[in-house]
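Look at the two complexes coming up: chain A is in both, with chain B in one and chain C in the other.
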Partner chain A sequence: MINILDDYALVSPLRYRNNWLKIAIVMFGILVGVSSQSFIPPFAIALCMSFATVHFGKTSFKFYLKILSAPAVFVLLSVVIIAFFFGSGTELFGFDIFSYHLGVNTGGLEMALLVFSRTLSGMSCLFFLALTTPMVELFSVLKATKLPDSFIEISMMMYRYIFVFLEVAWGIKYAQTVRLGYKDWRTSLNSLAMLSTTLFIRSWEQGEKIFISMSARCYDGKLIFFEEKRPIRANELVLTCTYFAAVLALWYLTRIHSIF
Partner chain B sequence: MILETKGLKYSYHDGTQALKGIDVKIEKGKKIAFVGKNGSGKSTLFMLLNGTLKPKEGTVYFHGKPMEYDSKSLREIRKSVGIVFQNSDDQIFAPTVYQDVGFGPTNLGHSKEEVEKLVEKTLEYIGITEFRNKPPHHLSGGQKKRVAIAGVCSMEPDVMILDEPLANLDPVGADEILDLLNELNQNNTTMIISTHDVELAYSWADYVYFMNEGNIIGEGAPEDVFKDMELLKKSNLRQPRTLEIYNELERRNLATRNRFPTSVPELVHSLKPPELMWIEVSPDVKEGDVVNLGILHGEYAINSPYEAVNAKVLHIHPEGHAIAEMTRHGIKSGGIFIYDMDKYDAGPFKRILAEEDIDSIGAMGKKSKSLAEKHLLDLQITSGVIDKSILMALCGKRSMILTSGGMIEHAVKRIDEYAENSGIAIQLSLVNSEREELGI
Partner chain C sequence: MHIFEGFLPSPWWQLWFVFSIPVLFFGMHRLNKLVSEKRELLPLLAVAGAFIFVLSSLKMPSVTGSSSHPTGTGMAAILFGPAIAAVLSTIVLLYQSIFLAHGGLTTLGANVASMGIIGPVFAYVIYKAGMKANINFYVVVFLATAFADWATYVVTATQLALAFPAEVGGVAASLKAFLLVFATTQVPLAIMEGALTALIFKYVIQVKSDALVELNVITESVLNKIKGASQ
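Here is the complex of A and B:
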């Protein structure tokens, strides 16, 4: 059994809170984070969102660090490059390599920090959404955005059958592995091709079967949506407003300052 | 006659003839089983019965009228004839349980409020309210099967067709689905299933059709068709275990002739009274008298804490040596109590448990089970409740059956039927309902 982010979101207690509020918090976080001139507000946002995900959303801290570490590796690599090759100002330290001078100056460091903090805040905002709001909840949000119904209906069915085919794919992969289907590169390629072919045929057949079973229940182009009334509670509103106010204040205060 | 077919033929595009002239008659309110090996045409027939496929030859009659294949008539038919597919994943397509159960009613043109009410009612009835917000991939096989059944139930069909309803389920999950099917049938839904499980067809159905290679090769009441060894051989099936055991016992003259036990209590009852023994009798005892041999207790009393042993004297030899047939009776009398969970009241309930010295509690129907769970009642029997209660009553134990709605009537009828057929009176009491109210 493999777990995907959606599975964590489905069991999160924050699933049962107002979806629009969560989306507003995430959008706010991303916008402020990106527009900030200093690295302090994005860091604050990242901290708050991570706290909300782990504490209110009951995501295990270890797991949270693990999923955050995947993008973190890329970010750190780019940050190092930015620090060395960008910006101007007083040089903080440097060294010579093959008679070529490499150095980090204040401008570069500041830019690197800013990029790092913005990425981090963006990631933590998106993870907050991904770990607390499962797809089934997002469909009703999509519905409210006036997207065409057929688009949402198709995405609902895609969502449902992703898991069916995932299971089929894992089953086939396992059956191939135990018969040494992945023993070297050549066989792997061959096995993978067979897996994709089978999966394609299976999904085609599945489509036909669903059509039969749907018309057996009088399908005439209407699906119902899962809509649960989830009013925003007073304490949630107060907490969100305080958070917004605090971040905005921080954003305003740090807009012209520089650490150097 | 709710569904009828005459000379039904169907062949697929590749030329395989799936059905070669099928005549079936399905009566309202019955439990019908189609039995046959894989590929014998059961699924094809089912798809013809609700108009998914159109026959190449022959006609399907619905309520006596030939089936039409325009979209309006098809809608009517599909509303009344629901079909549950073998693989739940082929049927459950919506991202949440709630949406899937609401799919049918929405298509029938009910308003949003009506759909909501219907879905809530169905979810509660099937006992899956707790899964309403869950995506189907978080459910087990048995739970998915329940959702699939609920999806059809919410359209309130007259006939429910289930393709291999118990395939790939664990024994307890299968028992629960079977309970559900019986419950639905009690509420006047005609049930049609396909299966290659002979035990299921034999013990569950009122009428059985045997299919082989697109033909009906035999039909009849289960006790008639399952004794036909020739027919079973032709269908690639074997006899049900209970029947097989009974036949062996009968051949050894241990069981009464011409019975068709479908359950363990019935099998037990078909056994001949055992134990002829030699006893010494006083000179004044005549042949045919009953002699009391005393009371056994402790480990000698197999059936209940105390047993009275009586012996009927069959033949007396000179010198007072006699052959007697032993009968043993548990002294503590067993009984079955039926409690209507819709009227559950903790105080009186606990009192009855204590007063009546109840040995075990069983619950029948998903609703009663979840109610019992809610009220923290410890259940000893959760599947095959009626049969097990009868067996316990025969052994001098007292059991309480928790149930509700139409299942009460079902239980009373089953127990009365057993008493009538076996001649053994079982003490049956309805704790908080009246026989008159049930219309029995």
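Here is the complex of A and C:
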């Protein structure tokens, strides 16, 4: 039904690397990608991050391509609009529709390409984080921030219950499907409502039960977990610094670049 | 409707964070107060958040053929009020961007603004106004959720239009374009989600209506009226 990327992160060999280093790499890629004025640095970042995810993170390449196409519909629709409505310059091609003239010019095409490349680089950075770092590891990072305790507690408990409810939802959905619960539009709406209601009631009852069981175990508003220390290795640091330097150099060289 | 990572250029994604973060802090403040008064609410809110996440990952039957997912934030606003709905949706959006690759980190501010703040506020205001005007409970739920989705969609289109104004006609022209193109998926989606949420509330009232009374979603007298009408 859906791909929970966390499952892949749990078996990734990069899971055992330092979390802060991975977050630094991802934030660097996202920020440079978004602030780049040319489409070259974002594409370079996308290429490097994809390589790191597939080669070092041992993600299947086919699966990686499949999840990369997830934002495709949104991005393509928006990019086409930008290409038609944005920018100035010589017109490349155009047509008339209902007495409106629609045309793509060089400025618009360049902008569309830039936005497309930025999204691609941003998504590949996110995938790197998602496919190599399980949420359990990110909680220690979240705890280091100064966010209120109740917010972090809710996020951690929520994370655990997502999987419980997903399993319930899959089970019910399967049972409904084999009983032709999704045979047409009307039936599927009804089935989906029944499924969601069962989930809601289950979660309500579960919420009451956890409170009782946690209070019985002296819960005072703070869950504490064991955190492993993972020092950054020298070769990782060298590789990361080289990557940062290369991308920054590329970013500097292409800052006033234009393809037309 | 999620804006994906890297889509919003530089001044805009920061600006949407500036808009979202104060609201979020207000929400967290409310949450802290509520939780310190009633400790049993914390696990309940956590499972409610997990429920919203799972709900938003279910595929809805769609008219246009594109896959569409309910947002669930309208329902959260009706159940818990907009301030807490904002906090819950922020966590859900963060998880969606990391687990499902929907949305992103730099665009989180913009997504929280549209889906976690403005949508739920619309849902809540319409719900409260409708209940005061004594309109049928299910109709009110339908309207509140549908309008929450439409508000979200208009805000997202505005965010995109502001970031990418058209050369001819400026923001207004590109807003029109974004609204038109995304209308094909968003208009039916909102109607579907409204119908779905109304149906969910129908079943919840049949099976576990005391939960809704406890959350102050409906009063005892309204509940009796609905139950009387359905028997």
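Just so we're on the same page, the second predicted complex is superposed on the first by the 232 of 260 C-alpha atoms of A that agree within 3 Å, B and C clash if a C-alpha of one lies under 4 Å from a C-alpha of the other, contacts with A are read in each partner's own complex, and residues count from 1 in each chain.
FYI, a residue touches a chain if its C-beta (ideal position, glycine included) is under 8 Å from a C-beta of that chain, and two chains touch if they have at least 3 such contacts.
Fair warning: this is a prediction, and the values are worked out from it, not measured in the lab.
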| item | value |
| --- | --- |
| Clash or fit, chain B versus chain C on superposed chain A | fit |
| Chain B versus chain C as contact partner of A:206, first or second or both or neither | both |
| Touched partner set for A:56, first chain B, second chain C, both or neither | neither |
| Partner chain in contact with A:150 - chain B first, chain C second, else both or neither | second |
| Which superposed partner A:216 touches (first chain B, second chain C, both, neither) | first |
| Per-residue contact with chain A, leading partner among chain C and chain B | C |
| Partner chain(s) touched by A:130 [first = chain B, second = chain C, both, neither] | second |
| Chain A as apex of chain B and chain C, Cα-centre angle in degrees (nearest 10) | 90 |
| First, second, both or neither for A:118, with chain B first and chain C second | second |
| Chain B versus chain C as contact partner of A:10, first or second or both or neither | first |
| Contacts of A:225 with chain B and chain C, given as first, second, both or neither | first |
| Partner chain in contact with A:81 - chain B first, chain C second, else both or neither | second |
| After fitting on chain A: smallest Cα gap, chain B-chain C, Å | 10 |
| Footprint overlap on chain A, where chain B in one structure and chain C in the other make contact | 135, 156-157, 159-161, 164, 206, 210, 214-215 |
| Residues on chain C engaged by chain A in the complex (per definition of touch) | 1-10, 13, 28, 31-32, 35, 39-40, 42-51, 53-55, 57-61, 63, 66, 87-88, 91, 94-95, 97-102, 104-106, 160, 164-168, 173-174, 177-178, 181-182, 192, 195-196, 199-200, 202-204, 207-208, 211 |
| Of all residues in chain A, those that touch chain B in their complex | 7, 10, 134-136, 139, 156-157, 159-161, 163-164, 167, 206, 209-210, 212-220, 222-226, 228 |
| Sites on chain B touched by chain A in the complex | 47, 50, 52, 75, 78-79, 82-83, 85, 87, 89-96, 98-99, 102-104, 106-108, 112, 115, 133-138, 151-152, 155 |
| In the complex with chain C, residue positions of chain A that touch it | 1-6, 27, 30-31, 33-35, 42, 67, 70-71, 73-75, 77-78, 81-82, 84-88, 107-108, 111, 115, 118-123, 125-127, 129-130, 135, 138, 147-148, 150-151, 153-162, 164-166, 169, 173, 182, 185, 188-190, 192-197, 199-201, 203-204, 206-208, 210-211, 214-215, 221 |
